[in-house]
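Below: a set of structures, written as C-alpha cells.
What follows is a pair of complexes built around subunit A, which joins subunit B in one and subunit C in the other.
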Partner chain A sequence: MGQRTRRRDQGRYRGPRRASGNGLLVVILGLPVLAGVAGTILPAFGYLPALGGLRPTMAHLTELAGQPHILRSVLIALAAGLVTTSAALAIVGTFIAGFAGTPVFARIHHLVSPLLAVPHAAAAFALAFLIAPSGLLLRLISPELTGFTRPPDWLLPNDPLALSMIAGLITKEVPFLFLVTLAALPQLPLRRAQQLAAALGYGRVSGFLISLWPTLYRQIRLPVFAVLAYSVSVVDVAMILGPQLPATLPVRIAHWAADHDLRVRFLASAGALLQLFVVVAAMAIWLALERLGKLARTSMTFAGTRLRKDMVVRAMSGMAMAGCAAIIFSGLAALFIWSVAGLWPFPNALPGAITGKIWLRALPQISGPLLTTVGLALSASALALIIAILLLHRNGAGQAGNGASYKLLYLPLLVPEISFVFGLQILAIAVGFTPAFPSVLAVHLLFVLPYVLLSLSAPWRELDPRYERIAAGLGKSPVRILLTVRLPLLFRACLTALAVGFSVSVSLYLPTLLIGAGRLTTITTEAVALSAGGDRRVIGVYALVQAALPFLAFLVASLGPQLLFRNRRAMRM
Partner chain B sequence: MQAADDPMPLTLADVTIRLAERTLLSVSATVLPGEVLTVMGPSGSGKSTLLAFAGGFLDPAFRVSGRILIGSRDLTDVPANERRAGILFQDPLLFPHLSAGGNIMFAIPQAVKGHRARRQIAEQALEQVGLAGFFDRDPETLSGGQKARVALQRTLVSAPRYLLLDEPFSKLDMALRQQTRALVFSKAKAAGIPIILVTHDSADAEAAGGRVIEVGTEGGA
Partner chain C sequence: MIRRARHFITAVMLALGLAGHAAATDVGDWNSVAAEARGQTVYFNAWGGSEPINAYIRWAGDQMKARYGVTVVHVKLDDTAKAVATVVAEKAAGKDADGAVDLIWINGENFAAMKRERLLFGPDWATKLPNWVYVDHETKPTILTDFTIPTEGLESPWGGAKLVFFYESARTPGGELPDSAAGLLRWAEANPGRFSYPQPPDFIGSSFLKQVLIELIHDKTKLQRPVEEATFTADAAPLFAYLDKLTPLLWRKGKAYPQNYPDMKQKFADGELDIVFAFNPAEASAAIANGELPASVRSFVFSGGTLGNTHFVAIPYNASAKAGALLLANFLLSPEAQLRKQDPKIWGDPTVLSLAKLPAAERQAFERLELGVATLRPDQLGPALDEPHPDWMTRIEAEWTRRYGAAN
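The block that comes next holds the complex of A and B.
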C-alpha cells in the first residue's frame, strides 16, 4: 500500500507525539490545580487528618455563614470583578474599534505596553498615592481649588463601594486585554471591513462592532474569562485599595489562611470553596451578559444603526487608555517623591526637603527579600522557558491564531488562585512539607509557565520553516536543529519570554504568601504587608523596587541580542 | 570539496499529490546523476509540494501516494535529516546568526573532523564562487547575488545525494538571474548528482537543458 495519509500537524510530521506532550502539560499544570482544589474542598467539609479533622461536618461552612457581613464581602468581590472586566473590555474594544490603523493607535500602544510589566501591587500603590486624601492629586489643587489646608476625612482609597479598587484593577487589566487583542488583530481583515463599513455609512465603532467584533471576541474570550476570574479573586490589590470592614471575600480568606491558629484553616477552606462558587457565579453572569450583548448587537445590525457621529465615544476610549498610563506613571512618580521626601506637610505639592535617608534605612532590610524575589523569578522563568521549549519542540506551536492545543494553559488562570493555592498549602501541611524555596518555586511555575508559553508560541510559529528544512537537508538531527538553528534564531523571543515569566513571578503575592508561609518573603509580600498602616515613605521604596524589577528584566531582554549579536544585523532587529 | 559517495539515480515512482479530493499532479520519472528534471507549472499546481515530498517535509494537509528512491534505496519513510537532500529555495535563507563562512561550516558533514580542515573547506568553497575573504562577513551585509552564491555552496559542501531547486532564481533581477543560473547549473552538474528543479519560468527550464514535465496545465482538476 503506497497510500500514506498524514495528519495535520503544523507540517512537522510529528503527529502521534502530540498526545504525550499534552500529557506533560496535564501533569505540570492540571494536576496541581485539581489537587489544590481537592485540598480546599476536603477541609471545608472537615476532613483534614493532619489537623485532627477526620469526620465530615458542615460546621465550618456554618461558621463561615455566621461570619459578620460575609454576604457583603461576597457581593463586593463579585460586583467589582464584573465591573472591572466589562469596563476594561469596553475601553479596549471601543478603542480598537475607533482607532485601529490610525497613528493615534500606535502612539497609545507604545504608551500602554510597558504597563503590563508593572506588578499589580505596585500599580495599586501608585493609584493609592495619587487619590488618598493626602495624596498627590489633592495636594496639587489644594488649597487653591478645594480650600483644604488639612487632608479631608475621606475614606480613600479604601472606599466601601470598592471604586478605587475597581479603578486600580482596570488600569492593569486594560493593558493586558489590549495586548491580547492586539495579538489577535492581524488575523482579521481589518482594512477591508473598515472600508466596507465606512462605504455603507457606518461610524468606525459601530462598523467594527458589527463586522469584526464577534470574530475578535471569540479569540480573546479565554483571556477575558481569566481577567474575570482574577478580578473577582484578587487579594493584593484588594488589600491595598479595597474596602475594609468588611474586606472582600478573597482578602478575608487570605487572612484566615495565614492565621497562626491552624484550626482557622478549616474556616479558610470553607471560604476558598465559597470563592470557587463566586467565580463560577461570576462566569455564569458573564455568559448571560454575553448573550445580552449579542442580542443588542443583532438588533443594532438589523436596525442598521449607523452611529456615524461617534467622535465622543472614540475620544473617551482613547482618553481612558491614556488615562491608565497616566495614572500608573504619575503614581509611580508620587511613590518616588514619597520615598525621598523629608518633611512634606499637606497641602504642599512637593516636599520641603529631599533625602536619601529612607532608601539607606530600607536597603538593608530589603536585600533579603530582594534576593529571594530575584532568585525565585530567575529560576521560575528559566524552568518555565525550558519546559515551554520542550513542549513546543514536541508539539508545534498550535494552529495559527487560536493555539487550540494550549487551552489547558489557562486553567491556573481561570481557577481562583486562592481556591487552589490554599488547597496546595493544606496538602503541604498534610504531607508534612516544610515551606521552602523549592515548594514556592513549584507554585510560581504554575503561574509563570502559561505566560511564558503564550509569549513564546507566536514567534515559534512564525519562524520561517524553511530554515529548519535546509538544516534537515544538511543532515542535522532534530535536536541539533533546535539547538543550532531554531533557538539562536528565536533568541530575542526567548529572552522576552524570560522577562515575561520574571515579571509574573515578581508580582505573585498570594502563592508566595500561602506556600512560603511567612518564611519566604519577597518584595511583593513585604510591600503588601506594609500597606496596612505602613509608613508611606517605606512603602514608596518597596513598591518602586517591585516595579523596577520587571522593567530591568525587559531592559536586559532588549539589550541581550544587541550585545551577543553585535556583528549580525538581522539578529538585532 | 567533499567527495560524495557514488552518485545514484533518483526515482519518483508513481508519485501522486492530492489536496482534499483534488489531484494536483502525478509524476513518474528517473533522474540520472548530473541530469536536471524540470517540473514546470503555475503556482498552486503542486510543484513545490512535490519538492517538499522529495525533501521529506511535506505539509500533512497533502496526501501523497508513491515512492521516492535513491538508487535502489527507498527514501519515502526516511526522515528529512537522513535523506541528504540539498535544497535551494527562492530566498537564500542564510542563517542570520552565523557568519557567511559559519553558514558553510555548519553544512560540512560531520565526518570531516578538525576545525582547521573544516574552515579550509569553507574558505575554498567561498573562493570558488568569487567570495574569497568573505568568511567572517555578516550574511545580512551581502548583496543578493552574493547571498545566493553562499547558499549554493552551503548546499554543495554538505555532499547531498540529490539536489532540489525551488525556483531559486525567481527573486533575482534579470542580469543576476542569468549569471546565477549558469553558476548553479554548472556547479550542480559538476557535482554529478540528480537534480529536480521546479519553476514557472521557461527560461529556467531552457537553461537547465533537461527533461521538462509540465504540471497543472491539463487534467489537474
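The block that comes next holds the complex of A and C.
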C-alpha cells in the first residue's frame, strides 16, 4: 500500500483497497461467527451427523411450526423487544435533551452509570424480589396497610403481557444507551445548539430534538440496534420475569437446546433460525419506526412548534432515569438482605435472624472463579480494545462501516447466543481447541469485540479531525499521531469501551460453559448454576459479587480521566 | 529429517486424539485401574444447584486426592443435558478420545438418550466395581432398570429417590392431608391457590404428572412399555381429566408455575404454597437445618405408594480419565461415602446399599444415623411406584404443553 493511500486512510476515504488490507483480520474474527451460525443453521435443515442427521429435510421447520402457541411466543418476544427499545431510547433521549449541561444531569449520571455494571440476571432477580406478592414492597406495607398475612395470589412477575419483563429490560437498557450516548455527547456542539434553540424560543426538549438529535442518533444507532436484537432474544431475564405460558421464543429455544431428548436439538436449531428472522423482522419494523419518527420530527420542525413548557416531560424522563436506579439499587439491597437472612417468612419486612453463614461458606470457593473471571475479562477487553483501535485506525469509523465484511463483527449481537454457541462449540472441537483459558478467551473476544467497537466507534468518528491535520501538518507520522493526539483525546472513550468489554465478558454464561466445557468456572457460570437451585441467599451472594466486578471497572473508567486530566478542564465531564 | 517426521506424526496423532491410549481400561483388573488412575484429573459433571451436594462432592474429591492421587473437578451444571450436549458435540467433531467429560451424574431420559446414541463407556463396568457387592439390587429394582431401560452396567448407582410431600404443621393441620392424587384434588378444592407443581418439562413437575398417571391409568402394565400411539389418548385421558379439574385450583390458577423444585420450596417458605413435594425424603430436614424452612415442616406420602427411582453416575465413551472415573464411581459406592451422603446434616440422600450386606460396624453406623424431625423412616416411606418408560414422560410433557402451555 502506497504512502498516498495510507495518508488518505486516516481521513474519511474508504476505497476498495482498504477492504483487502483488513480482509484478513476481519475474516479471522468473522469466520468463527459465520461458522457458529452455520453450525446452528445446518441442523435446522436436518444436518447434524452426530445425531444421525445426514440428509437435508424441512421436517424440523415443519415441527417448529407445529409447536403449540409458537406464534404467540414469537409475537411476545418481538413486541417486548420493540417496546423495550423504544421506551429506553425515549427515556434516554428525553433526559439528555432536557437535562444535558445541568447539575441534575451530572447527579443522575452518577446514579445511573453503575447500573450498567449490574448483570441482567441480577437486575431481573432484584426486580422480582421487589414486586412479587411475597416481595419486599408488599412486605413493607403488610399486614398494616393491606391486611395480608399471607402473600396474595397475584400473577406477578411473569404477567401475560410481559410488562414486568419489559420493565426489567428497560432498567438495564437505559444505562447502556445512556452510557454510549454520553460517550458521543462531547463531540456535539451542545452549548451552542442549546443557546441557539433557547434564543429562538424552543423548549429544551424540542430544541434538542430539532438541532442535535439527528447527529446524536446517527452515532448511537448501532447500539440501539444491539439493544433491539438483545431484547428480542433475551433468555435469562425472560426466564425470571417473562410470561411462562407460553414463554417467549428465546426461552423455548433454550429449553429445547437443553432437552434431555437429543433429537430436540434439531428443533432448537430450527427455532434459532426462526429467532434470526424475528430479529430481522424487529429491525425492519424499527427502520419503519425510524422513518415515522423522522417524518414527525420534520413536520414539527416546519410547523415551528416550540413546546416551551416541557417541564412535565422533562420531569418524567428524570424520574424514569432515577427510577431505574432506585429499582435496581433497592432490589440489590433486597438481594443483600437475603444473602444474610435466616428464616424470613411473609409478611416480615426483615428476616428474623441475620447470619453470615452463606457468605462464609461461599467466599472460600469464590476466589478461584473470581480470578478466572477477572483474568478472562481483563484479557478479553484489553485485546478487544487493541483490535478495535487497529480496525478504526485503518478503516476510519465510517458510517458504521460500509464494507459487508466489517459488519460481520456485529453478528454476535444479532444472533441469539444460545444457538450460535452450540455451532461454535462443534467448530472449536473440530479445530482441536482444548477447552482451556485461551479458547474461552477467544470466544469471549468474539462477544466482547463488537461491544467495544460499538462504544468506541462513535467518539472515534466524531473527534474533531483538525487536531490530527495540524499534527500531520507538523510532519508527525500516522502512528505518532495516533499515540500522541488521538488516543489521549479519546482516553475517556477508550476506558469506557474497556469497561463495557469487561462487563460483557463477566456476564457471558453460555460461551464460557460450552466452549470451556465447564472446566473454566467463572462467577457467572457459578451464579447461573446456583440460580437453577433457586436459593435466594446464595443467589444474593453471587449476584452481588458478579455485579461488583464490572462496577469496579466502570468506577475506574469514570475516575481515571478525572484524575489524569484534573488540570485540563475541557477533558473532564 | 526422520526425527522431524516422527515429531510430525506424534503431533498428528495427538491432534487426532490417538496417542496415549494404547491399552483400553480393563475394569476386571482393579489394581491396574488404580495404578492407571493415579495422577489423573476426573471432570465430574454434576448438577451444581445445591450447596450441600456441592460440599459433599468436594469432600469426595479431597478423599480421592488423598487416597488415590486422583484430582476431582466438579463441573457444576444447571442441567445435566449440557454435559450430554458436550459429548454430542465432541462426537460430531470426531473427538472419540480425550473428551471433556469423565463422569456424569445421570438417570432417566439422559441415560436413555446417551445409551441409545452409544455415547457411554461400556460394556458392563458397574457390576465389576469392588463395592458392587454391597449394592441392594435385589429389593431395589430401579438399580437395574432406570426408567424401565436396563442399565446393563453402563451406569453405577449413587443414590435413591422417592417422591415425598411436605406441609407446614403450624399452617396446615395434619388430619386434613390428602392420601392419594384424588385426595389431593379434593384438598385443592378446599384450599384453592395453595398447591402447584414445577412447570413441566421440569423433572420434578413431570414426576408429579407421572405420579397421577400411575394412580389413574386403567392398565398399569402399559406404562412399562413405550407409548402405543393408537391408544395414547384414551390411556392418558384420566390424567388430563384430573388436570383439567386441578388447574383452576392451582397457585396463580395455573397461569404460572414454579420453575423448579428450589423455586417451589421458596414459595412454600414464603407462604404462597401449602403443600410441596420433593424427590429426596431428607430434603425438608435439610432445609430446616439450613434455615430455609420453618422447623414445623413435616413429611407425608400416599399410602398407595409414590414414585421412586435411582440416580447414577456414568462414563462417556470418549472420557479422558476412565480409570480415575471408575475409581471415583467405586468410592461413591463405598459404605463410608454412602453413609456420609445419607446423613441429613451433610446431604441426606438415601443409600443404594443393602444394610444386610454390610459388615456389622458399617450397618450399625447406618442404623444410628439421625434422619431429622421432618424425615420419614424408611419403613414409613410406603411402597415405591416404578417409573414409566421414558417415552411416556416425553408424550405427556408434549401433551401438557399443548393443553396448558398458553394459559394466559
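Criterion: the second predicted complex is superposed on the first by the 373 of 573 C-alpha atoms of A that agree within 3 Å, B and C clash if a C-alpha of one lies under 4 Å from a C-alpha of the other, contacts with A are read in each partner's own complex, and residues count from 1 in each chain.
Keep this in mind: a contact is a pair of C-beta atoms (placed from the backbone, for glycine too) under 8 Å apart; a residue touches a chain by one contact, two chains touch by 3 or more.
Just so we're clear, the structure is a prediction, and the values are computed from it rather than from any experiment.
Student: For A:Phe277 in the superposed arrangement: first (subunit B), second (subunit C), both or neither?
Tutor: Touch status of A:Phe277: no partner.
Student: Once the structures are superposed on A, label A:Leu474 by its partner contacts, choosing first (subunit B), second (subunit C), both or neither.
Tutor: Only subunit B is touched by A:Leu474; subunit C is not.
Student: Which partner reaches more residues of subunit A, subunit B or subunit C?
Tutor: Of subunit B and subunit C, the partner in contact with more residues of subunit A is C.
Student: Which of the two partners, first being subunit B and second being subunit C, lies in contact with A:Pro435: first, second, both, or neither?
Tutor: second
Student: For A:Phe346, decide between first (touching subunit B), second (touching subunit C), both and neither.
Tutor: A:Phe346: touches subunit C, not subunit B.
Student: On subunit A, which stretch or stretches are contacted by subunit B in one complex as well as by subunit C in the other?
Tutor: Overlap of subunit B and subunit C footprints on subunit A: empty.
Student: Could you list, by residue number, the parts of subunit C that touch subunit A in their complex?
Tutor: 15, 43, 45, 47-51, 55, 73, 75-86, 88-95, 100-101, 108-110, 113, 117, 193, 199, 201, 251-253, 255-257, 259-263, 265-267, 269-272, 291-294, 394, 401-402, 404-408
Student: Which of the residues in subunit B end up touching subunit A in this complex?
Tutor: 14, 55-67, 76, 79-87, 89, 91, 93, 95-97, 99, 106-107, 109-110, 138-141, 154-155, 158, 160, 164
Student: Enumerate the contact residues on subunit A facing subunit B in the complex.
Tutor: So the residues of subunit A in touch with subunit B come to 2-9, 11, 13, 15, 464-467, 469-478, 481, 484-485, 488-489, 491, 565, 567-571.
Student: Give every residue of subunit A touching subunit C within the complex, in rising order.
Tutor: Going by the criterion above, the answer is residues 48-51, 68-69, 72, 133-134, 150-151, 153-155, 158, 160, 239, 243-246, 255, 257-262, 265, 341-346, 353, 355, 357, 361-362, 422, 425-427, 429-430, 432, 435, 513-514, 517-519, 521, 525-526, 528-538.
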